[in-house]
Amino acid sequence: MIKVGIVGGTGYTGVELLRLLSAHPEVQLTAITSRKEDGLPVADMFPSLRGHVDLAFSSPDKADLSKCDVVFFATPHGVAMAQAPALLAAGVKVIDLAADFRLKDRAAFEKWYKMEHTAPELIEEAVYGLPELNRDDIKKARLIANPGCYPTTMQLGFTPLLKAGLIDAGNLIADSKSGVSGAGRKAEIGTLFSEASDNFKAYGVAGHRHTPETSAQLQRYTEQKVGLIFTPHLVPMIRGMHSTLYARLTKDIDNAALQALFEDAYRDEPFVDVMPFGSHPETRSTRGSNMLRIALHRPDGGDTVVILVVQDNLVKGAAGQAVQCMNLMFGVPENMGLQQVALLP
Amino acid sequence: MIKVGIVGGTGYTGVELLRLLSAHPEVQLTAITSRKEDGLPVADMFPSLRGHVDLAFSSPDKADLSKCDVVFFATPHGVAMAQAPALLAAGVKVIDLAADFRLKDRAAFEKWYKMEHTAPELIEEAVYGLPELNRDDIKKARLIANPGCYPTTMQLGFTPLLKAGLIDAGNLIADSKSGVSGAGRKAEIGTLFSEASDNFKAYGVAGHRHTPETSAQLQRYTEQKVGLIFTPHLVPMIRGMHSTLYARLTKDIDNAALQALFEDAYRDEPFVDVMPFGSHPETRSTRGSNMLRIALHRPDGGDTVVILVVQDNLVKGAAGQAVQCMNLMFGVPENMGLQQVALLP
Amino acid sequence: MIKVGIVGGTGYTGVELLRLLSAHPEVQLTAITSRKEDGLPVADMFPSLRGHVDLAFSSPDKADLSKCDVVFFATPHGVAMAQAPALLAAGVKVIDLAADFRLKDRAAFEKWYKMEHTAPELIEEAVYGLPELNRDDIKKARLIANPGCYPTTMQLGFTPLLKAGLIDAGNLIADSKSGVSGAGRKAEIGTLFSEASDNFKAYGVAGHRHTPETSAQLQRYTEQKVGLIFTPHLVPMIRGMHSTLYARLTKDIDNAALQALFEDAYRDEPFVDVMPFGSHPETRSTRGSNMLRIALHRPDGGDTVVILVVQDNLVKGAAGQAVQCMNLMFGVPENMGLQQVALLP
Amino acid sequence: MIKVGIVGGTGYTGVELLRLLSAHPEVQLTAITSRKEDGLPVADMFPSLRGHVDLAFSSPDKADLSKCDVVFFATPHGVAMAQAPALLAAGVKVIDLAADFRLKDRAAFEKWYKMEHTAPELIEEAVYGLPELNRDDIKKARLIANPGCYPTTMQLGFTPLLKAGLIDAGNLIADSKSGVSGAGRKAEIGTLFSEASDNFKAYGVAGHRHTPETSAQLQRYTEQKVGLIFTPHLVPMIRGMHSTLYARLTKDIDNAALQALFEDAYRDEPFVDVMPFGSHPETRSTRGSNMLRIALHRPDGGDTVVILVVQDNLVKGAAGQAVQCMNLMFGVPENMGLQQVALLP
């Protein structure tokens, strides 16, 4: 059994980790920390877990995380980098669901996240936890930087085309839409039901932290300088993410070959589903599941390819991807505990 | 392995059966019939099932349901009673999720459902599939009448009080609220998003088919003539059901004893969760799970007891309860394939 | 022109007052106070008001409210009672949308609202602002206690029956459902979109502040001791309130006479719509309008009468009712500025 | 008074016309036709109109539309072209909210709408009813082709840049999102609450009828061949439309000049609101109002300009725009009856 600790179990990625891990056959939930909720049974805060999770939150001071095999950080940015060095030194593996180790460029991190990086010596070692692109490194990793939700969709959507050298990497557009749970479980006016329901808006158009993360990762697959316009929007739904990606083809290729390119790229992937050409994937087809679905379009047969990508932002976009990484790190089947069928309707 | 057939797999209870049964370790999905969709892969209609269900719909004429061990009817009222006699004669067990066998009073059935009963000889044999009240009969049954969604909440909420003789059975009020999926997957104006969203209304106040079903079942537990006022309402949510039940106490009893009565009644039940006295259960704490939750209240310490009951109308209120019955009928663990944690948020 | 001030313009009742008053032909918006937002143009916070409201928020210290003819308090409980005495002394009329003057029983106020009443000398003078029941007093009032949203529905639903002596006043049940805007524009976890959407729950079942307010008002119309069970619920919609009221008839009366009783009671009311017997009013039929709709039911022809009442909680349940009172107080047509057609769909 | 007839009053654009016209001070509603609902009071179908509209639906055969001054067609495509010739001959003006006269290219119409055009002699005369671009022609028109909802946002967003020759007209991208009411009041599975709620998807990516309409209109303002990629999406909200437009700048221009360009273009427009540079307009800021809001962005200061456009798809995107045209055609103030403040929250 893998002994698991969770730091920050009171947010949405925390409770989603609990949903997945409490049913994982090789996991033993060992500690869930929350300074504020010390002593409160987890199921008192999240009644959905009644009968599934018996643990109480414990103060970080009391929880002996060094006895865990792996610790997940479902925390605000900055927490993992403070605690990771000691845990790693104690032989505990670390999976950070926040951004502390996502950017290899320390200066970029400090600019975008407006904080000093306190564990710069670990940045190089950290493995970017996107199994479809980094599986071998993840298997050997001690420290995982779990990708952002938007970046997962953008990378899995653009990468096959970039690797094949088929598109203008300097002119990528990602028009992305997220359910409200992506904003986290924080008391804020802007995500109140009465503000976010029956409404649609863009946000962060001038610049979003997920742009540098995505650009840096995409740059690995092309010689050309990556130019990415990323526009996130807020959708009045709880879970779900839909990225509509636009790229200009620079070579002649027919639709069947485009489709084959994606099918070949993801043929053996347990959690990427390439749908038939011209499909319109719906976010709800991934609700509660770790599956990400992709479909290709070619409007009017022109030189623009439109890639539609959907996922559950809390599963493949966060907690599910983290568990997928854990499975790889500990040598259990990659899909263990992650085979939930999406909840439809 | 239990070979399972589903008649009517294109509705919401059908696709929910598929979600549950495709992950059930002792089930082999054998046939899913739909006259209209003959030949269509099930996962083409419900992409959430891609990778989980490989079957195609088959016309009822082609599907040899007699090779199944059990057939679920997720059909409009009237279909099961037409096909059940032949299936039972062939040794196939039948679980009807519609109303064909819910009412022991044939005349009442024909009045409320406006159709002739074509298999009256089976009415007596049919077992009402509410495991918490009829477990032993279900184990031995060939033919199950799966309860209505509302009646499940009303019965599990009122029965402990009725059995204990504590309330005025002639004066029961059930103010119930259902998510829209309860109306089924039918093309109708009234349940369009633009009609049902951001809206709340009662319906069927003058009389609803679930009233006679519930009254007849409750009558089993009291000598007094049951009088039930039942008011259903439509809530702008997909899944979920909340019944607010009102009963007048006829005997002195303190809150601790009331609470103990319910805890004792459901102590060993895998799918009934009695929450602490004074709790406010939320429907989302059951979303996608087979759990039903109950909480008791006593406003101002008076003689009215308020019982709050929540469930997922498609799981404990329909498909999950049917699978629970199947488990009992085939001697596998009652909770097998039904241990999903609710999806929260 | 009526010079109007608004204290507390940053909440939902505040912005709703602004929507209504900015289009009111006899109103001149004079001051909108907010200590926190001093100097911010109102339309910067609420872009829906761009082009309709040119005022900026001003600090309460700077705003000279004594120059207004009337001041609305769209504030938390306790603010109006602090400021009303000085305003009244300066000849300014006051309409409080909070609870400071709703309860004639000072001790009850202090118990339920957990604060000392600092203007007890005004409690007796304050007029309860429900025009359908108190029109004449409102016309002469200097100080209005605008009713709570739930109490408006309960009183307009029960009163005709109480006045006629037809029901058991000791056994009233109100099962009420409110849209989330009723919780106000406050940063809280419980009303986040991801918490309140796709969910339904009761709250405050053990006791809610609107119970004593309603009971005290209803008591005016019956000799019998009023006994009221009130259960509020939260509906995943922004606006709208639906009360399902249950009463036991104590006299023989047929449905036509019941219907006539209500039609007579509200025949001349501009904002109460008695629908045909057996109707199911929808909350959306009042969305954005000051109309309240009522429909009567008599399940199975028994002795329980079910009264369905719907309104927009922010209009007839709050800001619209307050404007209706203002119109009466200043002798302009009662429906002036209040004739918006509900937004459907 | 303008005597108004409405053909097809049972859909969402029909009921929205009724909401607006019933409160229009210069309009006398004269006839509302529906073959299916002949004789039914309009307010029986739409209770929101109780007390506002006294008319009943009448069969098209009985209604003498030739007595009207203007007739609105809120009908499926193809109805207006069948009836317009006779009405125009009788001196009645016609405003078609469907597509019959939107495309000047008859072959394109017949290809995209899959029907023969039965009044081709009127195509040339029909005026495209977008007041901001065609005001003078609208004033003189007998026959108005009211624009599609999406095309309104795309044209008002792109046109200032095209007119100024600042962008590459061959490389325009419109990623648009619509509330579900845009799909109309039709009984269909795909727009049921249980299908469309808590979900997001693209549709018609391969080709949508609004692309040729928009391209043809945009072509009027540039010599370059217009190339437009248009991707519509369905948002789980009732009303509201958000277009995220992407264009490549071909000339050096700073942000202040860009902003000035839009502010100058729309300075005198009563229903176009250019927000401060870098704003994120929300659809709800237009809910129920005829206002369209625009905001500009320049990610990373690069050569891509992002234009955000929001409107209420049923008002400025349909019925409100039609009333705006009517006002122009009849010489009443352009904003008469259209000054509703958006409903927020």
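In this document, chain identifiers A, B, C and D correspond to the written order of the chains, with residue numbering beginning at 1 in each.
In the analysis below, contacts are C-beta pairs under 8 Å (C-beta built on N, C-alpha and C of every residue); 3 or more make two chains touch, one makes a residue touch a chain.
Since we're looking at a predicted model, the values are computed, not measured.
K.L.:
Pick the pair with more C-beta contacts: A-B or A-D?
P.N.:
Greater number of contacting C-beta pairs: A-D.
K.L.:
Please identify the chain with the largest separation between its CA centroid and the CA centroid of chain B.
P.N.:
Here the answer is chain D, farthest from chain B.
K.L.:
Once you find the CA centre of chain A and the CA centre of chain B, what distance in Å lies between them?
P.N.:
The mean C-alpha positions of chain A and chain B differ by 36 Å.
K.L.:
Per the centroid of Cα atoms for each chain, what is the distance between chain B and chain D, given in Å?
P.N.:
45
K.L.:
Using mean C-alpha positions as chain centres, tell me how far chain A is from chain D in Å, no decimals.
P.N.:
39
K.L.:
Counting only residues that touch at least two other chains, what does the list for chain D look like?
P.N.:
Touching at least two other chains: 12, 179, 181, 185, 194-195, 197-198, 236-239, 281-282, 284, 287, 345.
K.L.:
Would you pull the chain D residues touching chain B in the complex into a rising list?
P.N.:
Chain D reaches chain B through residues 12, 179-181, 183, 185-189, 191-198, 236-238.
K.L.:
Within their complex, state which residues of chain B touch chain A.
P.N.:
Against chain A, chain B makes touches at 12, 15, 19, 22-23, 46-52, 181, 185, 197-198, 238-239, 273, 275, 281-282, 284-289, 291, 293, 314, 339-345.
K.L.:
Which positions of chain B touch chain C when the two form their complex?
P.N.:
173, 175, 177, 179, 194-195, 197-203, 205-207, 227, 229-231, 233, 235-240, 242, 244, 246, 278, 280-284, 287, 297-300, 302, 304, 306, 308, 310, 345
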